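Chain naming follows the written order as A, B, C, D and E, and within any one chain the residues start at number 1.
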Amino acid sequence: MISINKVNQLYGGTQILWDLDLDIVPKSITCIMGRNGVGKTTLLKAIMGLLPIQNGEITMDNEALHKQSAERRAYAGIGYVPQGRDIFPMLTVEENLRIGLPVRKSKDIPEKIFELFPVLKEMLHRRGGDLSGGQQQQLAIGRALVLEPKVLILDEPNEGIQPNIVKQIGDVILKLNVEEGLTVILVEQKLGFARRVGKEFRLMEKGRIVAADKMENLNDELIKQYLAV
Amino acid sequence: MTKLLDWFSAGRTSGKYTLPFVVILLSITVLASAANLLLPQDSALYVSTYSITLLGKYLCYAMLALAVDIIWGYCGILSLGHGAFFALGGYAMGMYLMRQIGDRGVYSNPLLPDFMVFLDWKELPWFWLGMDQFWFAMLMAVIVPGLLAFVFGWLAFRSRVTGVYLSIMTQALTYALLLAFFRNEMGFGGNNGLTDFKEILGFDLQADATRVSLFLITAILLAGIFVLSQRILSSRLGKVTLAVRDAEARTRFIGYRTERYKVWLFVYSAVIAGIAGALYVPQVGIINPGEFSPINSIEIVIWVAVGGRGTLIGAIIGALLVNYAKTRFTAIMPDGWLFALGAMFVLVTLYLPKGLVGLYGQLTSKRGAKAKQEATS
Amino acid sequence: MSAFDQPLQGLRDTFRRDQVWPFLTPEQAKVDVANQMILYVEDLNLSFDGFKALNNLNLYVRDGELRCLIGANGAGKTTLMDVITGKTQCDSGTVYFGQNHNLLTKDEADIAQLGIGRKFQKPTVFEAQTVFDNLELSLKTDKRVLPTLLSRLSSSDIERINDVLAIIGLYGQRFMKAGALSHGQKQWLEIGMLLVSDPRLLLIDEPVAGMTAQETERTAELLTSLAGDRTVIVVEHDMEFVRSIARTVTVLHQGSVLAEGTMDQIQSNKDVIEVYLGEEADA
Amino acid sequence: ADTIKVGVLHSLSGTMAISETTLKDTVLMMVEEQNKKGGLLGKKLEAVVVDPASNWPLFAEKTRELLTQDEVDVIFGCWTSVSRKSVLPVIEELNGLMFYPVQYEGEESSKNVFYTGAAPNQQAIPAVNYLKDELGVERWVLAGTDYVYPRTTNKILEAYLKDMGVAEEDIMINYTPFGHSDWQSIVSDINKFGSAGKKTAVVSTINGDANVPFYKELGNQGISSEDIPVVAFSVGEEELSGLDTAPLVGHLAAWNYFQSVETEENEEFITQWKAFTKNPDRVTNDPMEATFIGFNMWANAVKDAGTTDVDAVEQAMIGQETPNLTGGIAVMNKNHHLSKPVLIGEIQDDGQFETVWETDGVVAGDAWSDFLPGSKDLIADWTDPVKCGNYNTKTKACSGQNY
Amino acid sequence: MNVILTLCLLLGALMPFSSAYAATGEASAQSASPMLVELTKTKLSKMPAVLEKLEAEGGDAYLPLFRTWLAGNLYYVKSDRTLVEKVGSGKQVTYQVMFSGESRPDITKKQVKKVKVNNKLRSLLRSVIARIQLTSENPKVREGAVRELLAKLDKNLIGILETLYVEEESRDVKAMMGTALSLFAASDKSNSQSVRLSAIEDLSESLENDVRNGLTKLTNDSNEAIAAAAEKALVSINQRVERYALVDQLFFGLSLGSVLLLASIGLAITFGVMGVINMAHGEMIMLGAYTTYVVQLMMPNHIDYSIWVAIPAAFLVSGLMGVLIERLVICRLHGRPLETLLATFGISLILQQLVRTIFSPLNRQVSTPSWMSGSLEINPVLSLTLNRLYILAFALLVFMALVLLLKKSSLGLNVRAVSQNRNMAKAMGVKTEWVDAMTFGLGSGIAGIAGVALSQLTNVGPNLGQSYIIDSFMVVVFGGVGNLMGTLVAAFTLGIANKFLEPTTGAVLAAILVLVFIILFIQKRPKGLFPQKGRAAE
């Protein structure tokens, strides 16, 4: 589906991603894990096209993505839920959701989003920035789903979300994956959630992928080596 | 007191540009002054009085730019009205110089300046009283801008007026003053302002020695203010200032009354602007309401941006460079100089995001990076 | 009639026998915790354009306690903190810090100087300054203008900062610009800023969001160690974390307290399960 | 030097460029003409143009530059009084020579400046006389931009009108800021003031940019010249060229020159100007004539003195005579002001003025107004034995001059 | 029958039958009337006498002559002193023989000389024409004629008016005539006191200026009853006048407000919504004004329609310039809003100098279409100038169109999203570059349209933009950045405040007071009239 080949990325002078290789299996749920600051977010932004990469290539279905702008990637079918939510704060919830509609050439917000996150329907006319942190997180996921993406990128989607909704989000991801064949790239710190939802895992350290396997093979040793402080 | 001295001596370590800057500035001024006073006019090294006054003017502008940079570059308050403080300082000096004319005006009125005589004023307005005393006038040159800044800042910062709202209010302030000073009823000479000065502290303003002295004094004060500002900004207060610039609300949550910091910094900056104005007037020979014009204030901001915001040295370099460019351009291509100046502003913004000082930084860091690369490979 | 209510109430308050007149209370008087309570929140109401974010909220926190505050997204936890720290003005109610400080009459800086520190839900640090400077700014010092201008870092200050740097694991990054830190690192830095300011009451909004399990553990340890000398109020959605630190848990729902008790009591509370935890509490 | 340098100090940018650029071109044309005639004293003339950019301190700086860096022999320049005031100390300090070609408020006479524009008595007073005598005006609106020239002119006029027995309530004085553009209320006030049954006129010292919106508003509110005529001192052919003059026909201006005056000299001048600017529609105006006269006088004075030395030329200037473009001869008086005829014209729909009245002979420019209490006793006389720009005939003293 | 007879007699008295009357239709009247030749020979100062004789001689028949003369279009051929009328203007001038209307293409500018006219003469001509027009077919003209003559009533005229009054059918004209008769009756001392009093009574209904002047004179009448009655009538008239004056002031305020609105809407978009501190906004207005000038230059014979061409043209010119600026400069400054101040300031300098170079520093002449000139007269003391009225309507129209556009199209939503979080907007598939260019183009284009309107009111010169930039920023900020409604309210508030202050304080002080008011107001509402609310607005 998406494959990343020898990508290097720099912030100013400091290199964050080093010759990074990553293959995302179609219709899988890949969980990227690693300590704070290893470059997970940076990697996702590079995939989405929000950060320029120094060199290397990113392809999706064998088409080069890295030369395209972020908006083209959205049209190509990538949905992005950023870390920190990045809601449009002065737009209402409805407007936040409407932004993505032209990508799918539709006029109405799909009803399923409100089924998944009923609170959004309640708060339809409130400014996005006024929502509570968790509500914003739900909005961010809903907003990405409006694009009806083929690949959904989630950067720590459960940050600040109440437990029952965390569970619900997990269910949603699984459901979309199963029913609609959605490919998911998930950055997650909470092992429980990662184990429950993820099919594959990739461990990152210092800007490289250092381990990759099926989720069931994520053992304590790996965890100790790459996730413990 | 000892604490104060202590504090100052601690400043010596701060700012790597400080010492070189002060040395270069003062040596250039001293050399230029000597070249003007001691060398014969036909000597190749002779520096003309024209150049001296021009340089003096630039240094006043540099001081003004410094004032703007302190609150804009460091504290994030974009003042589009700093020309007002500059002009007020200038008017204080202008009033003193006007009173020094005494009965040597065209109407020989010992008390009233000429413009009052021909508009048929009978007595000196109260706010002109005392302005014949140098010390008093100089006090006013700092107090009036300072006080205005205090009142304005106190109102605005306490009500948490920020961002463009504040900028446009400062612009409204200077614009209102512009209109007010235009009014002849105000008693400041209306549109003509104050001019035709004769002497300062008994020294003939047209004498080369006086001009050179003024120039030297400006340079020394600029250096002094530079060092003082550098010291202030590298103290913890400077860090609070930056914090206010980047996240004011957050700064409040760790216990700083940001509005007070802003007010005092604003006042400090206004006082510097006032001093710059007071030094400017005897050197250019006129002060009039044009100095209050909002466009002038915008230009100051532009000098700072061209030089490099957030570095004191940048503000000074920007002021010197833009004004030098203006002088040269208006003489070389009187019909097209605005093209050149405009293009310069656009290009600097596009290609030197951190101003000229940033360019220096870029070059050195590139060189540094190269060196590192070579060392590692 | 109702037009007179407010001034009358004000008048009554002014002459309450149990209180010193507000204008006579010294600004920075010590926090009076004679009754063991450090925070009194009573009948707090706040609505935004008709939406009740806080609804007759009552909350008392003992001195030295570590209190967990949980509740559904949008329950009003952050808003409560906003009111306590002076960020948001409430419609009615009272908030007292100790018995003698009416927080509703004070602004953010005053409140901070009283010793109430806060970590925001979304980490906010001074991005243009180094990690070290961020901490220096947060030191517990005289924060008036002139003292700040004349102040210098004492060796004990430096020591303190270094200690905290070690605790938050950013010693290596101490001269890095805070803006260049990753999300999780900023979280830590913000905790560090809290620590270094040595507050009486800490309000911590979602500290472990984005942290790995081990880091979460460390945070838990840290917070537990802080309690006792200080009072800590933590908001978190990570139940495992809450369980590991909590003695008393308060559950907010739709702007008021839904339940309060030990973790076990809360976890078996039907209402809480329904609106918050979900059927099988997620690990 | 092998050339004679002529400094040109007119704003080419900023607010005053609108008026001053034309004068720069005029000087350039005069220099070119003079060079065609072989220059002066056997040397070619060379124009040095700088742009003081409507910035008053810059005027002083540029003057210093012209005098000390470029070492020019004469400067033609300035428009606004404030720019002149700014230049004055410098030109006196460095003993330069300047020609100032614009009508102004008077109250000045410098050894180093020759004033070839009109003094108030060469514009304002005759205009008021005309309105009073020919049109029977009894009620007066003195409207001006708020700065020194209008203020002084109106002070003089007010004193003059009161001397003639006009009552206080029959004079309305109104000042507006520079560039004032919303004239609705003021024009409406003027209209009301003029509807009291007495013939009313507006004496306008409104400056530059504010005029276009003012006249447009007059036209729109339907105030015609028969109802309330406006006589302006700062509106010439150039200003009118930016206006649709059809609704303004009949309003007046007082000048020493109109393009429409038919004389041979004028015709030649206009032809020259159109050729020089390569624009058959370019108009001429009064300050251009003042520049023309000033330039010719200077050239003659240099010839007479045989040198460009300022002191010599200054003395040679006094008594110089040169033909006006409107006929007759302009004379440079001892007070450095000219004697010139005064014309009053009505605006025509082609943007020109039709002369409707003119003085019998020339009027000598008066540096110090007889209608201001402070300057009644002052005279300017740059010949021996007085040699002073502000000589007090009562105290027999000359004040505040450095030379 | 009787009536006609009287009328004829009357007319006869007014203008004795002469050969001129009979000759009207013929080729030349001049052979018959030496007076007309006299016209070409007399000095301006002697002209009033000639005019008097002409009126007596030709009366009605000379009406075209008088009109042409008044308009300043009367010429005579130097060689044979034939009177001709100048037709057309500019380069398309032709001459027609007076009275016959015969076109004379053979005559050139050089061969004719103007029959001069000055203010005094114009005034006389107007009276003459009015006297003739008392019997015009058109009631409006008759009414105007009577009004014109109100200040010049004499016995003779009153006699005529009395007769005409009886016959008059139009109510308006009759009322006007009645006013004239009463005015005369009231001041005619030969009338009895009661007649005069009732006349004054009648006059107290009129708002005519001349009536007020007449009454004012009567307040000094030796007859105290008359003086008192006049005083009373004046008071009641003045009360009404003052009420209308208030309406007038309000209109001035709205009109100034509409100018401010027009000048700032564009900025409300480029600055308010996009966040670009657009110092070149004024120059976009200026470009619009110059476009109007160029359009008029290209269609000199269709000035009346030129505006309809100029509006879209100005929108395009300024809009394209805006797109150009955005693409070349602004787009590289994302995330650096303060730098846009510097760059756009540079651009504004360049644009100013550009028009100075292309069009010269002089003001350019933009004509007002005839349908926009003049005023809408509601009554003698209240008339609204048409151009202001149109501009007011136009400003509101542009405003509404813009609001609609931003509401209905996705552009409005997208641009707000982009300005709030560019990266996230991209990730949502928003073509940010296109949105930026279009929005900046839209804001600039609207500024261009404002230029078209302003060209009708003020100078079209290189400094045009400079004079509006400060006001525009003030309005946008006062209204609340990012809020179009705020811009609307702010513009009208400031306009009206200014115009209500001006009469008491004068223009300069009014401007200062308004500024001080804004400064103080912002202390109360630090985010303008309509602040952005909510947590994120902090």
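Keep in mind that, in the parts below, contacts are C-beta pairs under 8 Å (C-beta built on N, C-alpha and C of every residue); 3 or more make two chains touch, one makes a residue touch a chain.
The structure displayed is predicted, hence computed values, not measured ones.
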Any chain that touches subunit B and subunit A: C, E
Innermost chain, where centres are averages of C-alpha coordinates: B
Farthest-lying chain, centroid of Cα atoms versus that of subunit A: D
Inter-centroid spacing, subunit E versus subunit C (mean Cα positions, whole Å): 65
Between subunit D and subunit A, distance of the C-alpha-averaged centres to the nearest whole Å: 75
Between subunit B and subunit D, centroid-to-centroid distance (C-alpha), Å: 36
Multi-partner residues of subunit C (each touching 2 or more other chains): none
Contacts with two or more other chains, residues of subunit B listed in rising order: 179, 182-183, 249, 335, 338
Subunit D: positions in contact with at least two other chains: 12-13, 146, 175, 177
Subunit B contact footprint on subunit E (complex, rising order): 271, 277, 279, 329, 332-333, 336, 338-343, 345-350, 352-354, 357, 466, 470, 473-474, 477, 481, 508-509, 511-512, 515-516, 518-520, 522-524, 526-528, 538
Residue ranges of subunit D in contact with subunit B within the complex: 12-13, 49-53, 55-58, 60-62, 64-65, 68-69, 80-82, 85-86, 88-90, 93, 107-108, 146-148, 151-152, 155, 175, 177-178, 372-375, 378, 389-390, 392, 395, 397, 399-400, 402
Residue ranges of subunit E touching subunit A (in the complex, touch as defined): 410, 413-414, 416-417, 420-421, 423-432, 482, 532-537
Subunit E - residues contacting subunit D, complex: 44, 72, 89, 116, 118-120, 122-123, 126, 151, 209-210, 212-213, 216-217, 248-249, 252, 255-256, 259, 352-353, 356, 360-368, 373-375, 383, 385-388, 456-463, 466-467, 498-499, 502-503, 506-508, 511
In the complex with subunit C, residue positions of subunit A that touch it: 11, 14, 35-37, 41, 83-84, 119, 126, 130-135, 137-138, 156, 159-168, 189-193, 227-229
